[in-house]
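Input: one structure, supplied below.
Letters A, B and C mark the chains as written, and numbering starts fresh at 1 in each.
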Amino acid sequence: MRAVSIIGVGCTRFGERWDSSLRDLVVETGIAAIEDAGVTGETIDALYVGNMSGGRFVEQEHIGALIADYAGLSSLHIPSTRVEAACASGGLALREAFLAVASGYADIVIAAGVEKMTDVSSGVAADALAAAADREWECFFGATFPALYAMIARLHMRKYGTTREQLAQVAVKNHHHGHMNPIAQYHTEISVEDVMNSPLVADPLRVLDCSPITDGAAAVVLAPSEIASRYSDTPIRILASAQASDSLALHDRRDITTLDSTVHAAKRAFSQARLTPEEIDVAEVHDCFTIGEILAIEDLGFFPKGEGGIATEEGRTSIGGDVAVNTSGGLKACGHPVGATGIKQACEIVLQLRGEAGKRQVDEAEIGLTHNVGGSGGTALVHILSR
Amino acid sequence: MRGDHLGVGIVSYGVYIPRYRIKVDEIARVWGEVEDVARSLNVYEKAVPDLDEDTATIAVEAARNAISRADLDPRRIGAIYTGSESHPYAVKPTGTIVGEAIGCSHSHTVADMEFACKAGTAAIQACLGLVRSGMIDLGLAIGADVSQGAPGDALEYTAAAGGAAYVVGSKDLIAEIEGTYSFTTDTPDFWRREGMPYPEHGGRFTGEPAYFKHVTSAAKGLMEILGRGPEDYDYAVFHQPNGKFPVRVAAKLGFKKEQIAPGLVVPLIGNTYSGSTLIGLAATLDQAKPGESIFVTSFGSGAGSDAFSIRVTERIDDIRDRAPSVRDYIAIAEYIDYARYAKHKGKLRL
Amino acid sequence: MIGTHCKSCGEYYFPPRTLCPNCRRTGQMEEHKFRGTGTVITYTTIYSATEDFERLTPYNLAIIQLDEGPKLTGQVVCSPENMKIGMRVRPVFRILGKEGERGIIYYGTKFAPAEDAP
């Protein structure tokens, strides 16, 4: 196994991109990442792209070939692979790219993610996203994604005394972070009252507890660490790449208030990196719903089980706290183009570790973590990055 | 059709009435009706199905109650006949859904029936024949409807949802069916054409030449065959399109108010069409004592009536309380306004 | 409600599984008919649904633990204010969905509060 580094990143602006098609977004982000890395097309050995549901959102499958083509690489005939693990598709693309480089099979590899979600009605989008749950035994009975997380939230509140206000604090914090991020979908600050007064989606979760429907793409360029400095002054090492799975349906889990896939991916990642959760300075975690961030900061080991709500309320996850969580604004405020999210998380951590995160820069950020979840926890990916 | 000294009868019964109700006054308010419609029809509220209920779900719930009341093995059932004028499919049987849901063997015959409000009693007759001939062990006869009345039409005040299921057999009877007789003519008093959402009716024509003529003819015909009169029965049940007709036809035939009172449920649940006579009979069985006799006559527009003479056995006391009674269902009522009713009944086209 | 029961370890499964996750290839599965009664583990009321369920909103969805042990996701038909963690439920037969105006109608089990039973 070779050490692997990220030598370039690129990310489109997230939001409702009226004028950009899926392929436009890919080109925009690809060019940005390649320019950032200073590589040429001829040096690229392979491409991996995370995309959850091109088929449902834009009726386009075969995204691997499409993005290679529109990135201008078709004449080079490089292998280009689409990977899918619902909302963790991006994180999985990063891991596949990492494995390709670490194994010695390829040198310069691009990991990208893209989703164009706003071309369909919200009902169709909700249904496409619900396909990440157990279609036969959850969705068939009327389950939606917010509903699954709402059921987790209600039980977490009952079991650990997590309050409705603490859930709201996650959204308030992430909007605060997001308003300092130029690519974020939302640049508005919100209050706890705003969250509590927003319409119910799936009780107890309200509109402002939910990540939005977003168009966007992101890409990172990977290289063996031994040659990374040829391309970048500040290559960022991937210290760990871990993946874990769990039952597809929420009701089959050992504990409904714990994402065991997160727990196991995190354990493996910390053991690979020979680090502990306390050593993480900045983390991008999967806050598809506010309760998702509470679960993440507990299951990753940042805080004891049941204390995620209080930690958030006390500001321990804000910039300047114990661990700065979701400095990009997270899925909540930066936006959640599902296939792109896992890659965007890596882009944000790279910017933080390079010291290029502008107003939202975390002081002396040395080690960062990304955490990407598919579905209600059927898949989880954890990557640990270091300067 | 006639039959007596059959030696077959009812092994069990079960009913289902949805929990939602709308008051007839509420419907009258929406249509600006100044007359006291509820009083003139003697129908004060009617049962409304939930958004996810239809004839098939009602038939299944009623059948499950019938099966559990007598603790029957559903694999003994050799025939399922479901009578309704609101089958969920125009083509595809309701009865197959029932058979699968209650756990029948696949070695049984199924057909759906339609004869306006009397398809349920026709289903009982079909089962009686198959049981008596020895072709089947048990037969399941169901009458269930989520009947439709066009917005603002007179039918809308009474068209209700509910159903009843009867298991017909020759052993362990809770009630013997001593005889049955049918009277049928071609009388277009009420109909619904293929593909149309709401039925049409012949107004006042639905009374004398339709309901009264057929009910009295069938009832008199059966009493004549059996050599009996109204005084030989403890109870009587007549089809209940509203609360007035059964009272009038009972008086006309010489039955007393007390005889029809236990089975007269239309004032509180409305006209459940194929379920109507059968729910009335169930309400009567809910309180009849061993040895008592019940006279039953249904009516279906189009038009025909099936009359039955029923004698309750000792076994009724053993199983009566093992499933919910009609009064149990009537007692659970959640009232909704016309807007919610319109949503439940699919009257709002989206 | 038909599920499976592993004769080797005694575990009940709903939805049915052909392979026992505890015993894998040494498991002996047999069909088991569930009573359909159980307890609400957690629940939500859905106000914003996918297109197929829009007409039903608001409706309750719960994770229910059947008395035999397995957990499943299902709707609970009652008004949202009556929902409680720990409430007992019984099965009811309902329409689960329709393929538009012309397609097949799906029927199956939803749940209702046990205390609502007639």
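Here, a contact is a pair of C-beta atoms (placed from the backbone, for glycine too) under 8 Å apart; a residue touches a chain by one contact, two chains touch by 3 or more.
Bear in mind the structure is a predicted one, so any value in this text is a computation, not a measurement.
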Legend entry - Chain-level touch network, classified as line, ring, star, complete or other: line
Inset, instruction - When you average C-alpha coordinates per chain, which one falls nearest the overall C-alpha average? Tell me, please. - result: C
Legend entry - Most distant chain from subunit B by Cα centroid: A
Inset, instruction - Between subunit B and subunit C, tell me the centre distance in angstrom, where each centre is the average of that chain's C-alpha atoms. - result: 31
Legend entry - Whole-Å gap separating subunit A and subunit B, where each centre is the average of the chain's CA atoms: 59
Inset, instruction - For subunit C, write out the residues touching at least two other chains, lowest number first. - result: 56, 96, 110
Inset, instruction - Over in the complex, which subunit C residues touch subunit A? Could you list them? - result: 15, 41-54, 56, 59, 61-63, 71-75, 80, 85, 96-97, 106, 110
Legend entry - List of subunit B residues in touch with subunit C within their complex: 19, 50-54, 56-57, 60-61, 64, 88-89, 97, 101, 103, 324, 328-329, 331-332, 334, 343, 350
Legend entry - Touch list for subunit A against partner subunit C, complex: 121, 123-124, 126-127, 130, 134, 136-144, 146-147, 150-152, 154-155, 158, 199-205, 249-252, 256
Inset, instruction - Please give the residue numbers of subunit C that touch subunit B in the complex, ascending. - result: 33, 55-56, 77, 79, 92-96, 105, 107, 110, 116-118
